[in-house]
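I am attaching a structure below and will ask some questions about it afterwards.
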Amino acid sequence: MDEILTRTLDSLPSYETREKSPPPPESSSLEFIQFYRSLDKSQRPAFLAKLSSDFGVDHKCVAELAANVMDSQKRDISTVLQAEDRLRYCLTPRYKVLLNHISRVEGGVKFLVDLKADVIEFLASKTNDSPHIRDLNGTLKSMLSEWFSVGLLSLERVTWKSPCELLQKISQYEAVHPVRNWTDIKHRVGPYRRCYVFTHGAMPGEPLVVLHVALKEEISDNIQTIVREFSSLDSVEDINRVNAAVFYSISSTQPGLQGVELGNYLIKRVVRELQGEFPHLNQFSSLSPIPGFTNWLLSLLNEQRKEGPSNRILSDMEFMDIEEITGGRAYETMQKLLSTNEWVSSERLVKALEPALMRLCAWYLYGEKHRGYALNPVANFHLQNGATMWRLNWQADTSPRGLSASCGMMVNYRYFLQDTSPNSGRYLRTKEIEASDQIRNLVLQFQKASKL
Amino acid sequence: MDEILTRTLDSLPSYETREKSPPPPESSSLEFIQFYRSLDKSQRPAFLAKLSSDFGVDHKCVAELAANVMDSQKRDISTVLQAEDRLRYCLTPRYKVLLNHISRVEGGVKFLVDLKADVIEFLASKTNDSPHIRDLNGTLKSMLSEWFSVGLLSLERVTWKSPCELLQKISQYEAVHPVRNWTDIKHRVGPYRRCYVFTHGAMPGEPLVVLHVALKEEISDNIQTIVREFSSLDSVEDINRVNAAVFYSISSTQPGLQGVELGNYLIKRVVRELQGEFPHLNQFSSLSPIPGFTNWLLSLLNEQRKEGPSNRILSDMEFMDIEEITGGRAYETMQKLLSTNEWVSSERLVKALEPALMRLCAWYLYGEKHRGYALNPVANFHLQNGATMWRLNWQADTSPRGLSASCGMMVNYRYFLQDTSPNSGRYLRTKEIEASDQIRNLVLQFQKASKL
Amino acid sequence: MDEILTRTLDSLPSYETREKSPPPPESSSLEFIQFYRSLDKSQRPAFLAKLSSDFGVDHKCVAELAANVMDSQKRDISTVLQAEDRLRYCLTPRYKVLLNHISRVEGGVKFLVDLKADVIEFLASKTNDSPHIRDLNGTLKSMLSEWFSVGLLSLERVTWKSPCELLQKISQYEAVHPVRNWTDIKHRVGPYRRCYVFTHGAMPGEPLVVLHVALKEEISDNIQTIVREFSSLDSVEDINRVNAAVFYSISSTQPGLQGVELGNYLIKRVVRELQGEFPHLNQFSSLSPIPGFTNWLLSLLNEQRKEGPSNRILSDMEFMDIEEITGGRAYETMQKLLSTNEWVSSERLVKALEPALMRLCAWYLYGEKHRGYALNPVANFHLQNGATMWRLNWQADTSPRGLSASCGMMVNYRYFLQDTSPNSGRYLRTKEIEASDQIRNLVLQFQKASKL
Amino acid sequence: MDEILTRTLDSLPSYETREKSPPPPESSSLEFIQFYRSLDKSQRPAFLAKLSSDFGVDHKCVAELAANVMDSQKRDISTVLQAEDRLRYCLTPRYKVLLNHISRVEGGVKFLVDLKADVIEFLASKTNDSPHIRDLNGTLKSMLSEWFSVGLLSLERVTWKSPCELLQKISQYEAVHPVRNWTDIKHRVGPYRRCYVFTHGAMPGEPLVVLHVALKEEISDNIQTIVREFSSLDSVEDINRVNAAVFYSISSTQPGLQGVELGNYLIKRVVRELQGEFPHLNQFSSLSPIPGFTNWLLSLLNEQRKEGPSNRILSDMEFMDIEEITGGRAYETMQKLLSTNEWVSSERLVKALEPALMRLCAWYLYGEKHRGYALNPVANFHLQNGATMWRLNWQADTSPRGLSASCGMMVNYRYFLQDTSPNSGRYLRTKEIEASDQIRNLVLQFQKASKL
């Protein structure tokens, strides 16, 4: 292990000779790739630890050059700039040069994306989260951000005539509303549907991020009408029935590109594409899942139970209603029902729970925060893009998956094209969430009911 | 001017918020592009001066953070790394963020390539070579190097079925042996010829570097047999007559990509491509011009004349021969003849001059240096790639162009595939030139004759 | 019904004005297509009957012009040719002109292919086999033969990158060895496999005939090693292990193109394609099913039983062996066993039956005839192409399907490239079957055993 | 010569065995092609004579089968149809089978197109116009008509990104307004221009018929504004300035496809294509040359001179005007002036001649006939397509070419989409020309002036 690192990393050029140094032979990069791939998953953290600590920045050199920079302060600007440039060069980890060379061999970029995925996994699982690994993570991220910047991505529309390879991958990557079979995927690229991907020259045939769009007469409030009820595959699209573009699924496919903004840019490009195809189209919205709501609510109920009955979650009326319907104690019953999704089979319960779940969910989306931004990652994604939290939909996804995630609710994040740019800026600066009256009212109701 | 700079550049994020900052709206990048393009060439240096000096690195901040780094030396590694990372961030010129955003809009990469070409021009013409501009130049170069790294380039073979747009550009960019008309270009992509280009996803339809190859029975010693004598356009290639691949022209098309290695990689990729097509093919060589030789020789003659007759250039025999043939004074006559290319019409003169011009030219290629590397830029390019200076060819290009440049001589740089990688390394480290016996002998003769 | 026929067919031009007549408007062809498609399957025979009888040849006109031709016999050649030309024109059914126009509208050719499939079906089922319908059938066949002549077909290699649409159709059309799922089809276009189709410009995206090829070290004697045992999808083909191309499935996809030779030409084109890819490849063979053998044998056994025990099918030894193994009466038992495929589970029975079934099957293939040609349609196809009946393989397809069809046997028809053209001619003229020694010996054994 | 004909043609199958006959080996077709191509142009007529006379229809057989058909008249329909079918088969020239086989080998269709071109040339030049050759011509024409029927043609839009091969061919085929250089052709596929071709699967890369369209604010009355005055190549089309599509050049490229309707279908397809691109576009018109007018007028003048001065061509006023301006005798002077195109340099003459030339040209187009149809071939083409003779334009093409052909006039044939189908039918049936008021008035003036 040490040997390959020493061999592939030791002979990096000095500042003076950096422009005159030949690149290492390709075989060196290929050897590194092969070696890493041959490592067992359990051996990799140690390898990456060594790589990032022993072949990173030369701290002694940095300290010396930092001193130079300080000394140069009173000298002419040319000297200052020179000192800074040397320091900048010295602050580049040695392994970055190797990573750069790797990116140039065939399959090299894909290798680095996969390496980055490993690093993310090790950091997340605390297998290895030394400061050096975090540095490596940052270096990789900034490199990948450069290579996967939008100017280098190609937008591709996927149809039934697209390569099988691509369609199979899209089926397999579709995480939001799983593709069940080939008729399913055929419909998702059929009439009144669009499917777009970004691809990248260095990873041919590999979709990086996939966006599924439904073309509708109005913004959908239910996912089953999109992924289960299809137009006939032969039907010809009636342009007059296309008033709304509903983004009903967006999936990233490369864990290693986490943190590299792709989805945001894909949505923007697709909007432009659709406007070109349907000049009169002017409603753009997601129909998004709310992962985590049910779990959040269950913890809340748990807390409640522990702290004794209170009125924070249900109003008195609701509380009594539920006890009457179920014949049990409201919070315990709710907890049980929500865990099993059984409540949906009782029409009375569904009705009784609707107002409470709607306002709780609105609060979850709007009021629960992580470092000041929306806790729910899907909400955070669309808000960062500048969308408006527009409409919460009751019984929008009654599949077991949808019930388990969010008691069957889904939410539309609407893209008002004029506003997305200012919205995005405001959200990122002030963390203020742009929301519709429906959402605001539900939040207000929650706040009243829960006396928050 | 100030206004647009302030508007597009001022609000760059702090280290803490760098990940949470929304990208500026695309319109901002587009505005910058449009503004710069609208500037007259004469206004651009001032604009770039302002951009690079007022929106570069914050030196005060660098000095502070450099102090922090020094202070952190005795602290734990985590603190050190953190301090270094902040310093690294601070050393990034503010305009780099803008340039990054520009690269993401349509046509942005091409804009930056053209901007870089301007910077190079201003530096070369001394219109503006402030340290700040040199910094901007370095920043742009490192950015372009990333984007144009080999993993992101596509190799394309150009044929008569390629888009007209592409073939026209190739015709127009061919600087080495100009394409005269459409039959010419048709031949250059016809039987026993190959033409390859690198293209890049962010500049579609634009060839970045073009390599013309002739497939020959042996390594050519004459360019006219390549660019003037063609096989019939209908002839079918006889694989048994393809023993040598002769690179007879390589042109970069984007001045802004100067310094980004493309030609080297293109040659390597093409070699692999050709080996795939002709498994038995094993001779690879350039047939290269020698720009600058005639001028170099004329200065030498001038010097000689001023310092009185000596024997440094011609041997006594040669001296007398030439005086006899021309009836004039040898050096003066030579000077006149070489300036006008008239000497080639006299068979006797051609014969008489051959030994002297051959050894002088060998010396020019092998012995004349710039910062220790070969002075002749074509030689330097191929030697850096690891080629061997293999054969100097008399009367290899008797066109007026060839005569004016190098008294009609051309040189083969041969690629011995096993040796290119070590050769390249040795040349770059030790500046030692790998040359064949023919070249070495000619150099030796020169050294004897000129008593150097 | 009458109305649309009269409208679309009545106004066809006379001989004199045939060149000066405008084509009917496209709408007329489209109307005909739509009308026919709207007809219920049960209504179509009557419609086609009317079309073919009332809008066919004008017999009175033919008789008159036939008389003219006879009268012209003693006149000059110009008069003869003219009379013949008029007669020829008059012999063209009026509906042919309509069919021609239909072929010109979008989707028209596909419509005629489907119409032809209907006609074939009605003829086969005796729903309608009037002489007029047979004439219509002949007219359609000659038209389709022209349009689907080889010069107008495109050979396409199918890979995992081919359009999904195409791969799905190929999966669905594969009749010989059904494709079970997507991994299956991925393997069939993966390493050591080839899949080729003919497509036609007038029916874009529609494969007309599909050929599956396995690349093997030797000619396969077993189908499971081809369709169940795959190389890894990532494995790289080792050219040295590719000595034999085994055509293991060929499917026509358009019932309406029955009788139009496509398979034959596809095999020839694929052979050329493979020779281009693997210059040393020189063994070409099918691995073919033997549909109908089990049924043929069962009838034979039935006959035997009725006529009392005899020795025509089994030798005395075999007869006794089987009675001993099964404890029942040999022919009855065999009949039962063969109907249920149970015999394969007894190793002893498998061994005992092998010689008899092999020689019976050889005879079935070689000796059983229909109008003098091989009765088995697969045999007849390959023999017409000029292949040699090369090797009968025991337990070559032990799937239920293979057992039911041919007691698990399969046969190789081998293509000796030099001989296919003469073989084909001889077979078609003399009906003589080209067979290997193995086949001939088995047939001889059968003849001896059965005292034929 | 006889030998190759006998070898490739003799063994054609009988009616009974026609379905069971193997196709001749491909080598036979290839041999025929090679042999014919090797023949000198002067040897070909004899070869074709032999082919068409000795390997055509078997007249004796035809006579016998004609007798059979007559005998069958009183028998059942099945017998009649059978007799007719045999007769039809017998009426097929033997060489047709060979031609069919040729069409199946690579390059075979192109060979037959070229062969047809030879036949047309020999017939036109009377080198060989025997009845047999005419029969061969007819057979080839009907075969090519089948293969080049619209369902088998692909519409392709040509742009600057199209293959160079294609653009070069289009440049070279452009007969109407010759392409002068590469900038020229770039403009013809640039903004506000469209260029479409039909291609055919059997002749890849070969445009069969080319249509050039200019997108204009109104229907053009002048060709120079189309082929000399261009928008900038970078300009973006303003959809609001596209009101009229002007077909300013249509060229067939294959002499052998003369008589096969392609141009008509291309125009119709292009109209549909343009309507898809510009939904509001509703003016479609040609801007067409009038080849032959000047020559026709010169003969008329010649006649006039011989028959002594009369008033049929010029009115008295015009006659005097011209004599006054030129100082010579009107008709002689006109004859001279028109032969040399000198008259255009005199503004007075141009003015004086306008009314006469306009009404003469209108008459030439509208009144001069060949077999009842318009004598002018371009007029006949557009009238057959159903266009209206819409506007005669004075000084529409003042190039030497335009002056020599038609005294600088051009004509618009306008396509009123609703009317083209009925117009086409009426013209072909009744030979009546659909013309605008302008044309009709000019014709009336001519009739008055010339007392016809």
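Order of writing sets the labels: A, B, C and D. Residues in every chain begin at 1.
Quick note on the criterion: contacts are C-beta pairs under 8 Å (C-beta built on N, C-alpha and C of every residue); 3 or more make two chains touch, one makes a residue touch a chain.
Everything numeric here is computed off the predicted structure, so don't read it as measured data.
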Partner chains that chain A and chain C have in common: none
Farthest chain from chain A by C-alpha centroid distance is chain D
With centres defined as the mean C-alpha position, give me the chain C-chain D separation in Å. 43
Rounded to the nearest whole Å, what is the centre-to-centre distance of chain B and chain C, using the mean of the C-alpha atoms as each centre? 62
Give, as an integer number of Å, the spacing between the C-alpha centres of chain D and chain B. 54
Considering every pair of chains, which are in touch? A-B, A-C, B-D, C-D
Seen from chain A, its contact residues with chain C in the complex are 160-165, 167-168, 182, 186, 205
Residue numbers on chain D that touch chain C, as the complex places them: 17, 19-23, 25, 57, 59, 62-63, 66-67, 69-70, 73, 77-78, 80-82, 84-85, 87-88, 91, 100, 103-106, 108-109, 131-132, 134-135, 138, 143, 146-147, 149-154, 200-202, 259, 261, 265, 373, 384, 386, 421, 424-425, 428
